[in-house]
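Letters A, B, C and D mark the chains as written, and numbering starts fresh at 1 in each.
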Amino acid sequence: MKIGVFVCHCGTNIAATVDVERVSQEAAKEPRVKFSTTYRYMCSDPGQNLIKEAVKKHHLDRIVIASCSPSLHEKTFRKCAEKAGVNPYLMEMANIREHCSWVHQDRVEATAKAIELIRLALAKVSRNKPLEYLYIPIEKKVLIIGGGIAGIQSAIDIAFANYPAVILEREPSIGGRMARFDKTFPTLDCAACILTPKMVTVSQSKHVTMHTYSEIEGVKGHVGDFTVTIRKKARSVDINKCTGCGACYNKCPVRVPSEFDMGLGKRTAIYIPFPQAVPNVPVIDRQNCLWFTKQKCGICKKICPFEAIDYDMQDEIIEEKFGAIIVASGFTQFNHAVYGEYGYGKYKDAITGLHFERMANSSGPTGGKIIRPSDGKEARDVVFIQCVGSRDEQKGLSYCSRLCCMYTAKHALLLKEHNKDAQAYVFYIDIRAAGKNYEEFVKKVQDEYGAVYLRGRVSRIFEKSGKLIVRGADTLSGAQIEIKADLVVLATGLVAQPDAPGLARMLHIPYDRNNLFTEAHPKLAPVETITSGVFLTGACQSPKDIPDTVATASAASVKALGLMVQDRLQREPLVAKVDAKTCSGCFACIQACSFTAIEEEEIEDKRLKKKRLIAKVLEGVCTGCGNCTAVCRMSAIDLEGFSNRQIMEEIEAL
Amino acid sequence: MTATEGSPERKRGKDKKDWEPRIVGFLCKWCSYAGADLAGTSRLQYPPNIRIVRVPCSGRVNPLFVLKCLVNGIDGVLVSGCHIGDCHYSEGNFYARRRFVILKRLLEYLGIDPRRFQMSWISASEGDKWARVVKELVEEIKQAGPNTEFRKGI
Amino acid sequence: MRYAYFPGCSLHSTAKEYDLSTKAVAGTLGIELIEIPEWICCGATPAHITMHLLSLALPVKNLLLAKKMDSYEVATCCAACFNRLKVANHFMENDSVHRDKVNEIIGEQYSGEVKVRHFLDILINVFWLKNLSERIIKRLDNLKVACYYGCLLTRPGEVTQFDDVEEPHLMDDLMKILGVEPVDWPYKTECCGASFSLTKTDIVLKLSGDILQMAYDEGAQAIVVACPLCQSNLDLRQAMINKKFKKNFDMPILYFTQLVGLALGIDPLKLGLNKHIVNPLKLIKSVGVL
Amino acid sequence: MIDRIKKKAEELLRTKQVDLIIGYKRAPDGVSVAPVFIDKAEETKELIWDTYCVYNLSNYLKDFRGRKIGIIAKACDARSIIVLLQENQLKRKDIFIIGVECSGIVDEKKLLSISPQTSELGFDERCRSCKPSKPPIYDVLIVQEGQRPQAPRLEKDPYGSVRKSEAKSISEKFKLWQEEFSRCIRCYACRQICPLCYCPRCVADQTQPSWLSRAHSFRGNFTWNVTRAMHLAGRCIDCGECERACPVGIPLRDINKKIEKDVKELFNYEAGLSAEQKALLSCFDKNDPEDFIR
């Protein structure tokens, strides 16, 4: 064994506190060290050349670099070793900068510690094994979880590059939240007018498959080779036979509140959620359908000219393989039940912003009239309350939901457009209108549409003689205010879907205390996750408006396409490995593996002359966390690159 | 190698007054090791008594590593990982937490000073916490005194 | 069920009937209330506008006295006492800087280990409403009241950990058990003017007047309270309010303990029902309890 | 009782439901007991069952993997069978468990000093805190008939002695265990007798890396004893065989009990109650205690 030690000055970063020359001299005295030197910047081109030449000249077969943190330059020096003809995994680093020269001032102490750190690296490298890169094939298909605007945009981008995309949507139609909106700020385009063409593009693309009314059940595997289990819920309508003629829902006798219209309108038991639904195929709501509840009616089946109605349809479980996954699972509204003082569930005329969107929509349940749900009369005085849930650590969320300022301003504008005599009052904490033309929009609403903005919180809403009395503070004038309102609109915040943690666990991606998915780096890897091959877009990560959602959707698509265009993926070979002779087959490792990367394998035990089961690591799936090695009582499973021998050697060297 | 002047190694051999504790930290490379890196980048000063063994995850740390350190005369052992919920491998630290609470209690039962084996959660952004934990650890181990228990023969 | 009882100054003077009715109810239900010997003022409002440390030290002194009785739970009725004791506990438990200072002043060690409960909380969450309902002798049907909680009982939520902060309902729940109908009204936690009663009476007249008006509008025959200061403002100042705003309110202001006592069949005089300014006996007779 | 055991064993062998019966027979000394392996129906006459049947026979099961085995099991032995099933070391269909109701077995060491007839005092300590008299798993249960002396109940808290030791000072504890471990001669009898120490190559025998010093030193002895205990965490079912087998009398059960207690208190986990249970250290709860972590 011939080890070379290369001590970096890092300019004065190391050399100022650590006597690098002395460190190099001491290292040279260590057994198995054949060569030792220092250089001003080991990571620079001349520095790397110096390493290469030393390897050649002294026939070095292992390398220790004493410099900065491996988090910074491990890759650099592995490549350098490879170029020098040394297996990249026979290189170890001693971190004498972040863990030594930068945290100590005493030159003698720091120098002594640097020498010990090198000794540690020498001990480890002496037990390193040459390892070969792993290569894994890539399934050329992208799964998109969620069919809102984020998922739709991702699918369009991926299809445009001629790669197949699959949209998984749990509702009967794609479109998501955006499909419910009336107009969009700040340009006031009608949401349907800009969304519907995209939905049609997706439905007509030969590269896009849609699983609507479907849920994700499980994810196995890893980047390049995910196996996803999907439950296609029984729609009770054959999607291949149905032409979307509408005969069935026109004749259905049942009327229940429409979820799409936030309960403001009614739908039938066999229904499409909204007229522009994609696919334009109805679904039977079995909870309310007379056939399913009372074995009566059956009109839809009788009337359907295409025999598409199938009451016996069962949920179907399918498995599909994907190379990458884009998570576009979106958000839901904050449940303001905790604000008892806002009369949750008590007053019909206190609604949320999404209710308002449906009312403002000319094809919505009120035909575009802003009314009081309690008596159907047109609303004149409307109070909007911002930050319901948002920015309230005591009762709600610590964060700002980002869009409520803008959509409330839009609502105030729409109110006036729908009813010239109406008056909007907006209670706010701060107005956050940081977007292109956003501030101008809010100003316009205040100046041209006469919306009264009151800076302060509402303390209570109560009903008195048919009106809602809104009491609040105007902190700018210091006055208490009471407004007699016809309608109160609560700008409820955006929160993660209730089942977000479950999805995160399936995908092995972390989520924060608000159950929002966490990106790999908040600045430099905003759409990646720490699980390679899984990308984020839209409001499942943090509240986002439509422009931001679409931008992250395209960004995530590019990341996924970056994988699609490769023939195979190179992976670090730092994975677990089983020693068949030592393994007892107790499978403690299988239970403890968070990635299902270990399975049972039958081997012929020569000693016992019998077949028996032992553990086997799926190299492509193993993430190299090493948890299995610590639960294995017989140490039959070990981790390459951080092996038991390497670590024990380090301990002995201390 | 000749012992360097002022090195903890030299001090270890001498009388108790000059003794400096030797501490080993098993740090997961995603959070705690990065936190220690950040302490460096932020130039936070702490005593030079700790040596770091870099591991992928606190879940990688075998209780036998800890035992080996202790019977080899290391004065203190620290296992440090990501905060709960932050694990790069999502669950590794959960396993470590369970495993080491048993070991810690057992060691104490057998008469090993509980200060000699400790755990911490330090994130990649907690350079200050790393420096603080090392300082506290060094102080506590100094109070516990040198680990000479295993030097005695039968 | 045994508690160290902290009556506080009001219950020994202006709110005598609150003290009487609480003890009568507790006695009937077998809840043992042992008055903390040599208790001192909780500090109330004056202490914490004068000196923060004093406002913590006074209640801590009392809590330490309770601790010495080997009682780890204190029962109190006055909303202000309850609030001050809870705030002190909150600081002593969570704030090491204040804990050290207060312990230094007092010369003893305390870190929030004595639990503080309001008598309303004890009735509902410890004695249990169901148990209470089984002890009722006379249901108070035909009575409609507005439950008024005031500012101090529920706020701040993270300290009091008692009911919904802005929309409390515990007293309403209690009333329903007694057969009383609580009205749904919005002023449950409005301010009555509190200790401005003497210094700026006008404010109190306006605020308490609003409360009386709202209760009246919602059809309440009486207001039920859990705070002696609320009681005194609404009761004592009612005549002045009538005069100033030309109203004719004749709204009895009762303690929840008094109604519980009536339902348990306790003699109205033992509940101090003769000690009110606005006479409640007429109303009570009219609903057929007497 | 023994007649019913014999009858069942004879029937199992005769009808070829099992290839072999593992049970107890009288040892040549006429008092104590030895394990017996019977493959002929007529030899089942040899079987015995009494309070001297101390051995946990499940330890032998792994030597007959792949064959159909009938085994006589007390409650404690049956729990170790459950752990072996849980850890895939046995197939349920391969074993026939003749469960025996048990009211406690003797402690041979105690018997040396007192007369066996002085009833209760001769019982093994562990039987005094054992709850079940019936095995948690069996194919046939042979119940006890008539009255038999019952191991007297220990105080309510089965971990009383552990708690007492916990209260000692660190240096007292160290001194105590230093003394105990110093006697260890590293014969590994504790390992060999343990039904759950079935690793093909024990870490103590591995050299790459060398996990623990093989030398007869305090360092090595300490590491071995801690390793053994840690590897039984959440698995040990307190059959007491290790302590019985230890030639130098190290109180190994006390260490096992300490972990058993912690595991029960910290994770509400008990070993050997169900074969479907996940291994203690291969699972976790989000709310596991972490007050010991900085």
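In this section, a contact is a pair of C-beta atoms (placed from the backbone, for glycine too) under 8 Å apart; a residue touches a chain by one contact, two chains touch by 3 or more.
Here the structure is a predicted model, which means the values were calculated and not measured.
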Problem - Closest chain to global C-alpha mean, per-chain Cα centroids - result: A
Fill in the blank from the handout: One chain pair leads in contact pairs, namely A-B
Practice task
Starting from the mean Cα coordinates of subunit A and subunit B, work out the distance between those two points in Å.
Solution key: 34
Handout entry: Inter-centroid spacing, subunit C versus subunit B (mean Cα positions, whole Å)
Key = 54
Practice task
Could you put a whole-Å number on the gap between the CA centroids of subunit A and subunit D?
Solution key: 49
Completion exercise
subunit A residues touching 2+ other chains are 592, 631, 635, 644, 648
Handout entry: Per-residue overlap in subunit D, given as positions that touch at least 2 other chains
Key = 203, 211, 281-282
Practice task
Just spell out which pairs of chains touch, all of them.
Solution key: A-B, A-C, A-D, B-D
Exercise for the section: Note which residues of subunit A are touching subunit B in the complex, please. Expected result: 26, 29-30, 69-72, 95, 97-100, 102-106, 108-113, 115-117, 120, 505, 508-513, 530, 574, 592, 594-595, 623-627, 629-631, 635, 639, 642, 644, 647-648, 650-652, 654
Practice task
Would you mind writing out the residues of subunit B in touch with subunit A in their complex?
Solution key: 1, 4-9, 22, 24, 29, 33-34, 36-41, 43-46, 48, 51-57, 59-65, 68-69, 72, 74, 85-92, 95-96, 99, 131
Exercise for the section: Would you mind writing out the residues of subunit D in touch with subunit A in their complex? Expected result: 65-66, 87-89, 198-203, 206, 208-211, 231, 278-279, 281-283
Completion exercise
Contacts from subunit B onto subunit D in the complex sit at residues 63-64, 67-68, 71-72, 84, 91, 94-95, 97-99, 101-114, 118-121, 133, 136, 149-150, 152-154
Handout entry: subunit D-touching residues of subunit A, taken from the complex the two chains share
Key = 581-589, 591-592, 608, 610, 612-613, 631, 633-636, 644-645, 648-649
